[in-house]
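Paired with subunit B in one complex and with subunit C in the other, subunit A is shared by the two complexes that follow.
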Partner chain A sequence: MNSRILKNIKKDFLIEFRNRSAVNISFAFAGITTLSVSLVAGGTPFPPVVHAIIFWIILFFSAMSGLAHIFIREEEEKNSLFLSLYYTPEEIYISKLIFNVVLFLSISVIVTFLYLFFLQVLPSYKFLFFLTVVSGSIAIASVTTILGAMVSKAGSGSSLFTVISFPVLLPVLWTAISLTSVSIDGSGVQEYRNIIFLLAFSGVIVSVSYLSFKFIWTEF
Partner chain B sequence: MKTYNRILFLLFVFIIMPAVFMMALLWAPPAEFLGEASRILYFHVPVACLSVISFIAAGYHSIMILISENNIEEREYKSYNAAYTGIIFTILTVVTGSIWAKISWGSYWNWDPRETSIVILMLIYISYFSLYSALKDNVNRTRISSVYLLIAMITMPFFVFIIPRIYPSLHPDTIINAEKKVHLDAAMRLTLFASVVVFTIFYGYVFNLMNRISSLELKLQEKQNDN
Partner chain C sequence: MQNRSISIKADKIEKRFGNALLFRNISFNLAKGDSFYITGPNGSGKSTLLQILAGIQKPTSGSVIYKADNSEVERDCYKNFYGFTGPQVNPYDMLTAAENLKFTSPETVDEHLMNGYLEKFELYKHRSKPVKYYSSGMKQRLRLIHALLNDPEILMLDEPCSNLDTSGRDILYRILGEIKINKIIIIATNESGDINLCSKGINLEQ
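Then we have the complex of A and B:
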């Protein structure tokens, strides 16, 4: 099973990096949004909580712009049936999840560096900030992978993706924003335990998605 | 509908429900600080309970769609109808809650954790209906929307039970609170529980009626397809 998942991940990466348009658009979207915010802010000193809100809004919409693509592409290119013949739904899910986690972590790294650089933010608890970005990004990628599969089957594109993702992602955004705010102003080191919430949330969503993915992917 | 069911319902709608409303408006004593305005409690709490009960009902039927091969069509309209009644009760909860907030906190909306949690429940319902209508031509529509409700169900306990307890809230203690005690005097408690019971029975009746309509529509459609 592992080698088959690796083969599928390799296929996805090869296709995405040969035809770079989708990945480029995701990275460009993340970069442009961050730059626009810093340009409009023009050096205005925001309180930490405002920084945290803007930062996670940029990450949320970057996820909305790029993470459903991996499934939508399979539907547009009529590959989903061939994939279903060769791979089990669980193998497809795991490989797409890994792809999305890697892609979104890369987007998050770019957004983080651009944000910290252009808005001149220096977190007091750097390790907490780093953990929040990583665990929050994994949680966002976990949720959007299964919802992206649903959207690809509905054929409605990104507006539906945003509508159905927002309520499910709110606990993640809520917690990540408060953690980021604390890590910037350095007000509460006890907040480290909320990282467990983000990781547990990802774990629960991935487990349920793994079990229920076949109902989305296979046509009964 | 069978005759005794109809009689029971008429008795319920024309005698028991108005009696409970009278209890709420006239018999129960007003609360110490809020005065007469506190009577909105007997309407706000039942509709809030029902918005969560509807969500659980929709989630239950969705899980059954996924794990059971039988009665898929029946389960589909039941989960849809539960969500449909759920969104109505959620809107009623938001409206009664914001009236109460205006009276006791001075503004209609404060982004209190509990207000936020009910708005998110409403967003989940809206998203469910958006997905359901977008999947109109998909043969897997029932299963895909069921998986969405299942995933949304997982996030609900965080909103309804966990976050309002972690973040400071102005909201009064709920019936299911940390001390497991209802902070009301005997008459208010009796009225509140009577109100919750009548609203729940009313909800059951409306839900049943909607399911019967859906069942008839389904049969009609099957008949038209056969012809």
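Then we have the complex of A and C:
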């Protein structure tokens, strides 16, 4: 990988590690929401589709609480011109995308383990469940990275971020919920093909974002 | 790279924000060895003009053309030629001075050169301290090191002396005096010391 992209990713992780508030808030949100759902459920057996809906709602709002931060911080702390003077828009986009994918996969792993443990869910198709979480998380991170950049430039913070993210993420959530439900109840192994939809969706979003990022990030 | 002939041509630059005219009909040519000041009252557009010359902002009309060895340079590549600093250029507060400098410098930049600049600007002993603990004068010194470190052919400095004490100004003037013969230096300023350093300039009030 390009050493400049690695340098930028390293910088973002270093800053997040030293200023842990944003990442900690995301992890705390994911953990507390999962625990709250399990406490409220109180051992009630939900049908697989309800589990799938609750699981992806938790993941969606965990993404909303943390993934726009990587761009909003550059604007709020007035570092964006400094960054733009030394890095091309393409390098900035790729490094922020990788940061968000890694961060959201970490959040997803934590939510998954907590959810499966506290709500006593054991997916019948474990591999399909795993693939759904990974490909759905990549799709959510891809969408939220470019929307985070737009929102940071609009200067309207995270409230607008949630509003504009939801309609764009609807096909991802719809597919991921359906796949998760199937993987829990063990019906319809043919649903594997929908994983391709989630990965293709991410591919399209990343391609379009890569090409358009320069126009979002710079004035020209 | 320093042996290239480099020039900047500003042609009838105009900038408006909505219907409000900031400046218009600004034209000049700069070549290696020129040092140019942009002065004018607050709000006259000094920083905006400097950012237009750097390709960071877009003029409402007119153009800026960089030429290297008589070949026109694409706008996306302007930043390979200049070091830019100003109040809007903020290194990361959570990183140390050394980490910020490593983040912005190419692999080819020698650590000795970086330490040399840190020593020149009297920041060496603070190099491992996060920038958030720096005073505004120390931050300004760090900004200037960033602009100078890659040995750019063009230096664009927006209010370079702001927050600097007498010693900081002396260091800056000494360095600019040493290097200006081989570079194009453009300074947006209202400080007489900065203006005296330049061979020509423009007053946006007129």
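Quick note on the criterion: the second predicted complex is superposed on the first by the 219 of 220 C-alpha atoms of A that agree within 3 Å, B and C clash if a C-alpha of one lies under 4 Å from a C-alpha of the other, contacts with A are read in each partner's own complex, and residues count from 1 in each chain.
The working rule: a residue touches a chain if its C-beta (ideal position, glycine included) is under 8 Å from a C-beta of that chain, and two chains touch if they have at least 3 such contacts.
Just so you know, these numbers come straight off a predicted model, no measurement behind them.
**Q** Counting only touches as set out at the top, which of subunit B and subunit C does A:Val163 meet: first, second, both, neither?
**A** first
**Q** Using the superposition on chain A described above, determine whether A:Asn79 touches subunit B (first), subunit C (second), both, or neither.
**A** The second partner, subunit C, only.
**Q** In the overlay, work out which of subunit B or subunit C sits against more residues of subunit A.
**A** Residues of subunit A touched, subunit B against subunit C: more for B.
**Q** Is A:Ser209 in contact with subunit B, with subunit C, with both, or with neither (first, second, both, neither)?
**A** first
**Q** Quick one: classify A:Lys7 as touching subunit B (first), subunit C (second), both or neither.
**A** second
**Q** Across the two complexes, find the residues of subunit A that touch subunit B and also touch subunit C.
**A** In subunit A, residues 219-220 are touched by subunit B and also by subunit C.
**Q** Which of the residues in subunit C come into contact with subunit A in the complex?
**A** Contact set of subunit C toward subunit A: 55-58, 75-76, 79, 84, 88-95, 99, 102-104, 107, 130, 146.
**Q** Across the complex, what residues on subunit A touch subunit B?
**A** Against subunit B, subunit A makes touches at 143, 146-147, 150, 153-156, 160, 163-164, 166-168, 170-171, 174, 201, 204-205, 208-209, 212, 215-216, 218-220.
**Q** Under the stated contact criterion, what part of subunit B meets subunit A in this complex?
**A** So the residues of subunit B in touch with subunit A come to 66, 120, 123-124, 126-127, 130-131, 134-135, 138-140, 143-144, 146-148, 150-152, 154-155, 158-159, 163.
**Q** Which positions of subunit A touch subunit C when the two form their complex?
**A** Going by the criterion above, the answer is residues 3, 7-8, 11, 14-15, 18-19, 77-79, 81-82, 84-86, 88, 219-220.
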